[in-house]
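This report refers to the structure that appears directly beneath it.
By written order: A, B, C and D. Residues from 1 in each chain.
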Amino acid sequence: MSALVAVLTLPLVAALGVFVVPARLRVPMALASAAMITGAALALCVTVARGGPVMLMAGGWAPPIGIALRADGLAAALIIMTALVMGAVTCAAWFEASPARAGPRMAFGFWPLMLLLWGALNAVYLSRDLFNLYVGLELISLAAVALAALSGTAQAFAAALRYMIFALAGSLLYLAGVVLAYAAHGTLDIGLLTARTPAQGDALALGLMTAGLLAKTALFPFHVWLPPAHASAPAPASALLSALVPKASFLILMRLWFEAMPDLATPAALLALAVPGAAAVLWGGVLALVQKRLKLIIAYSTVAQLGYMFLVFPLAGGGGAAQPWAAGAWTGAVFHALSHGLAKAAMFLAAGIYIAAVGSDRLGDLRGLARALPMTGFAFALAAITLMGLPPSGGFTAKYLLMTSAFAAGQWPWALLLAGGGLLAAGYFYRPMVALFARDARVPLLRSIPRAWQSVPLVLAVLSIMLGLLSATPFDLLQVGRPPPASEGL
Amino acid sequence: MTALYSGTFLPLGVLVWPLLVGLVAMVVWSRGALWVLPLAPVPALGFVVAGAPGSVVVPDLLLGVHLGIVPGGALLLGMTALVWTVAGMHAALTLRAGPQAAVFAGFWCVTLAGNLGVFLAGDIVTFYLAFAAVSLAAWFLVIHERTQKALAAGRQYITLAVLGEAALLVGLMIGAAAAEDLHIASVRAALVDAPLGPLGVAALVLGFGIKAGMVPLHLWLPVAHPAAPVPGSAVLSGAIVNAGLIGMMLFVPDGTGWGDVLVAAGLVGGFGAALWGLTQRNPKAVLAYSTISQMGLMLMLVGAGSAGVAYYAFHHGLAKAALFLCVGVMAAAQTPRQRGATLGLVVLVALSVAGLPLTGGGVAKLAGKQGLPDALSLVLTLSSMTTTLVLVWFVLRLAQAPAPPLAPSPLWRSLFAGAAVLGGLALVAPWAVWGHATGLPTGYPAQPANMFAGIWPLLAGLGAAALIPGQRLPEYPPGDILALLRWRGGGWSGRAGAARSAAPRRHWRRAVLRALLHVRRLETHMRPWPRAGWVLIVTALTFSGLVLWTL
Amino acid sequence: MTLTYYALTGAVLVGLGAYGLLAVPHLIRRIIAFNLMGSGLFLFFGAAGARGGVPDAIPQALIITGIVVALSASALAVGLVVALARRSGKAFLPDDYPADDEDRAP
Amino acid sequence: MTAALPVLIVLTSLVPACVTFFLAQDSHRLRNGLNLSGAVLKLALIVWMLFAVAGGASYEATLPLAPGLVILLRVDALALLFISLSAALWFATTIYAIAYFGKKAELSRFFGFFSLCVAATTGLALSGSLISFFIFFELLTLSTWPLVAHKQDKPSLAAARAYLAYALPGSAALLWAIIWLESATGPVLFTDPPDLSVLEPGALRAIFALFIIGVGVKAALVPLHGWLPAAMAAPAPVSALLHAVAVVKAGAFGVVRVIYDVFGAGNVVALGVGWPLAVLASVTILWGSLRALQQDEIKKRLAYSTVSQVSYIILGAALASPLAMIGGLVHLIHQGLMKITLFFCAGIYDERAGVKKITGLNGMGRRLPWTSVCFSLGAMGMIGLPPMAGFVSKFYLGLGGLQAGAPWVLGVLAASTLLNAAYFLPLLYRLWVLPAPEDAKGDERAPGLVVPAVVTAAASLGVGLLAASPISPLSWATLIVTREYGP
């Protein structure tokens, strides 16, 4: 209970705090609060894993009047993943975002924005109220847009604005859906909506919300804003944008379709959700193949990886009687979200190190860096392994679960897509790997990279591998408070 | 873990000793390598003199090694050991020492071990091992001179040898699979009515036939003999070919029609080869053809199930080795006296081979006729004619061989002694074992009928030889059929791999790249906001619609 | 009855905003269009909330929140537009994003 | 203890790998000591377990990833056959590699991945469930890539790319097959073969095909063999590793596992997928030999000969008759010994005499006698001459073919014998017969290179000469077949 409150409030308080404290205290405070929030997140996870979902009625008011917060396994898993990524990003930014190097805007702006984002994310993970979710989404978008603009180049501002427009449009559509839902049912609480009497407007409401969320999740074809925004932001910011932000809106999608209105899920609609996902896998993969800049490759790989998660909608329930587990697809999708978060953050942080080292992220300029910065290269490779879904990484577990349920559900084309996507990923991560690995005249580094900094992405990458190697615990955690459709199918 | 070996160690020692000697020759004491050669066959000699006692089983070795004298093997083993001993001395005296000699000595011993092995092997794997050793290691004896001629001959030899090995393996496998046992006897028995029996026997005949110089598989023989150094050709013709013979005797089962095949091939070889020998100029080539014809006769005997094959081969091995050595002796002969003496020895041995009554050859022919149908025994009688012809021709060629530059050669005596020993043994030794081997009364060869049957074809042959105008015989290169089908040595110098031009695939690659760039341009067209906005709205409505209408 | 007017007005505002958001390239105008849409939605929300003439407290609370959020969003957006205009001299998105721009390192 | 042993065996190479990565480039002594001691320890453990397992013991360790996703390490006779080979050859190769590289750069990386590769192979050999097999299979793929690319020059990188280009789709196919199967039968353990009746024969055949494609890439089955000759750009120890210790063997081993532990020989025959595989293997045998005949680069020729030889194992497994399987299994060992000898020697010719092409071998027998003798022994083994190891496996394969009612196998074996002779004898001919050119140089004053070659050559002679002895690979293979797959 208290842990739940802590993960909600601590980031916001800290965000305010870093505003007011003098510059030299900023970083220490950020680090300290990050540590505290991570601790709280861990505590919350333990309580959820031990004692089941944690409910909290804000101010003791029950819905529909009050606002319900609920930490189930899904939320807890995402919270802990967020905490890990945030912690790592904080450490990386500590090295990178010093006024001397990154300029005052970054040095000042990054910390509050990061903490604000953190708080908003946790709020979205936890809240059970559609309007609350809207507010959370808006906060996330604002923080994210601002983060994207932090590097302060015209390009960055343009990218940020494009992002903003998509985000605003998305939230407007979502809001419209919320309004319709309220007009129809007089409540916005997910729990109550599940038990509602279906109304005429539900379809439209759900459609509007879904479309808005797709725009925010940057699912194909709404991904166009993502690569420029992620590529032009400072590396730690890109890590946050790529690893965490899309997950929030995806989580809301899952809550909508699996918990609020599972009765509206028709096969056609589910297909309509999954097909763009498949398209994203292929499209993002192909575009990642032709990029010349490391960060763009990573960004497009995000576009592709987000697509996998949408396969959960048609595949859910395809557990198959033969399997010793239930809700394979659902768990697999979440596993994918988690491992992708960790791995993608690791990749962007590694890219940040390279940029700091040679001042550019063009593949041509990265040649031979593996020898100068072996740990970073290793981290990049490990993250790539996770994203390709090779064992024994979390990505592999996700892929395995998804593919199994694809076969068990008799929808093997999706399995084909999963396999092909993995090969595509191998293709587009091979180019940077070779560039880093090439034997070239050692490039003189602009600045020496401390081992501590190098170890940050490594830790994240190792975590993403461990997620697969020790996937039993997270697996069980995810089953806590799992919605019935996750196992029975939509 | 069972005992290391059971039985008497002797047979194993007979085989291991030459290998040790060879190792010493090749690795330890390469300067004096050639001088150890005569020692290599000594235990084998002792073993035979002791009556080839005992057998041994070494379960751990290979797939379980069984050693013991094979039926009819004692005579051949003894003969082989003798030939190798004398030839070894000859080699030690004539060949130049040096690293090459070391290699020669080493493989000489391996060949010897194999050659002895085929007469001792009790199971097919050991037999196959011995056979492989004798036929492949002999390659080094052929190419020892390293001349173009020798290398070419070696190439043909090794090709046929490997071919034979492969065929042999197939045959043995079929037999073993049918017998579910590795003993030679049971394999032979199983081959009769095994599902793939005919194929197996055919493969075996092919494998052994190549070694035994069975027409038309004899191709290597007339080419290899002239190319090899004198002692080499002596063991090739005297001893090694018998490996094929013993194979035929051991494996080709009776009453499968294969005997007739052997008889037919033997007849063709027996007469054809002898006559073809007349077209040769090189004395060693002539001898080689005579060997082919003699082997043909022996194969015929095997096919006809004669009891005296081993006996016949015993004599022929000694005699033929002696003749080949005489070629070397002749080359070392300086004075006319020495040449005369050598020729005398040659004529004696040749007469014996031709089957002069009361000589070793004569009695061998008589022994061979035991158990033969009359027609075939008549054939055997007649064969003396052709044999006489070809040997006369050989003597002529040898006599006309150019005398070497007059340099006092101390070797001649010892060389001549060696050859004389073998020749003498060829003449008398058959008598020594006559009763023991054939079980016939000692007086049998002296009976008038047999005397007559031995003498008249000989005289006829001599007469024919007198009529033949020596110089106007046609001359063909050795290796009759080979001359027709010139075999190209594939893969002897690694041909460059098929150079696939990389052009098309590079083009293909470029096409893919272009396609990717198109995709990229498409992406930039998707980026403008208004389009995306419209798509967004459409999506929203699509979802609502889908949900509405499919609900 | 008035509620209907509210609702209709809201709908009209939303439509106007949507049109502006899609049609006009100038960023400030797009922000205004966005605000139009937002206010339209809130208006509709209020109307939808007070069904049966009974004013409902929740929508109003939510609307207030929403307005605050929208305001902060507009503020950030305007700030960004200004910054972009300062640097690139124009308040438009470079919609035809040249492909080679991507390859320019930050 | 029984649970600890398998893990321990994997750790003996995994720990050196992980430590080596973080060693400084110039700490040669520490690195070498580490790897060697790991190898020795592993050998010791294996020898111990050999006796234990012969006595009927079996060791098992499980690590559950997620429900149903278990990494299961299990020591059975078949696994021991493979790891004893890979461990022994790992030891030899490590010594060889230490001598081969001397004090070159990037050695920590090399040995790190080298040991990792062996760890993966060990895990693969020990894995008792399909999924853990796949996991180690992938780990093997990934840890091999840096080794192939070790030189980091253009050809090496191209080779490495080719390797991945073949390996990754292959593993995709493998995963496809595994998941297709497990989605119907649930997770598959090798100890209790799955109930295949839940799938219809068509699907089963498709799954089998996918399995074969998946492992066939590593086993270099034609037409999936393209990467292997390309990988010759790698340094000699890597070639040895690829061809004898780890990669290709893993593929062949996989085929055996799939046939005997996943499908079961009976089903393979019933489904009628055995003989197509046998035919494919035969085609590979012949095709590899034919291509080898055309190569004038020693290592390329050896590579193609591997393509051909490894399919003996697959042929034996596919024929699915006891004798054939004995032949195939024992060839797993024999081919490893002979081929690693050949690659050691090829490396020595390259390093000590600068000879890469066949034409350069003329007269090398005099200059590098030990190497050349080893090379000749290996070559004779490949041809299948007794008493070399190769003869034994070939003999059993032939008998097995007849036993399985496939006499055409004899034809394949005979043809392969002739072809092997055709492309190996010329090398011996050059080594021993042809005179060396005047400017020829070269010596073998590098015990670290020569001794391993001599040892492996002696071994490949010994296992053939003592084939019937109770401690020979042949008896072990017989034990496997009679005890675990016997009727």
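Following the convention adopted for this analysis, contacts are C-beta pairs under 8 Å (C-beta built on N, C-alpha and C of every residue); 3 or more make two chains touch, one makes a residue touch a chain.
Predicted, not measured: the structure shown is a model, and the values here were computed from it.
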| item | value |
| --- | --- |
| Other chains in touch with both chain C and chain D | A, B |
| Centre distance in Å when chain A and chain C are each reduced to the mean of their C-alpha atoms | 26 |
| CA centroid of chain B to CA centroid of chain D, Å | 36 |
| Inter-chain centre distance, chain A versus chain D - centres from mean C-alpha coordinates, in Å | 43 |
| Rounded Å distance between chain A and chain B, as computed from the means of their C-alpha atoms | 78 |
| Multi-chain contact sites of chain D, meaning residues that touch two or more partners | none |
| Residue list for chain B, restricted to those that touch at least two other chains | 520, 527, 529, 533, 537 |
| Multi-chain contact residues (two or more partners), chain C | 21, 93, 97 |
| Pairwise chain contacts under the document criterion | A-B, A-C, A-D, B-C, B-D |
| Chain D-facing residues of chain B, complex | 1, 59-64, 99, 103, 125, 128-129, 132, 136, 143, 146, 151, 154, 158, 162-163, 165-167, 169-170, 173-174, 176-178, 196, 199, 490-498 |
| Chain C partner contacts - residues on chain A that touch it in the complex | 64-65, 131, 134-135, 138-139, 141-142, 145-146, 149, 151-158, 160-162, 164-165, 168-169, 172, 175-176, 179-180, 182-183, 186, 227-228, 231-232, 291-293, 296, 355, 359-362 |
| Interface residues, chain C side, partner chain B - complex | 18, 21-23, 93, 95-99 |
| Complex contacts: residues of chain B adjacent to chain A | 516-517, 519-520, 523, 526-527, 529, 532-533, 535-537, 539-548, 550-551 |
| Residue ranges of chain D in contact with chain B within the complex | 291, 293-297, 300-301, 357-359, 366, 383-387, 392, 394-395, 398-399, 402-403, 407, 410-411, 413-415, 417-418, 421-423, 425-426, 429, 432-433, 435, 464-470 |
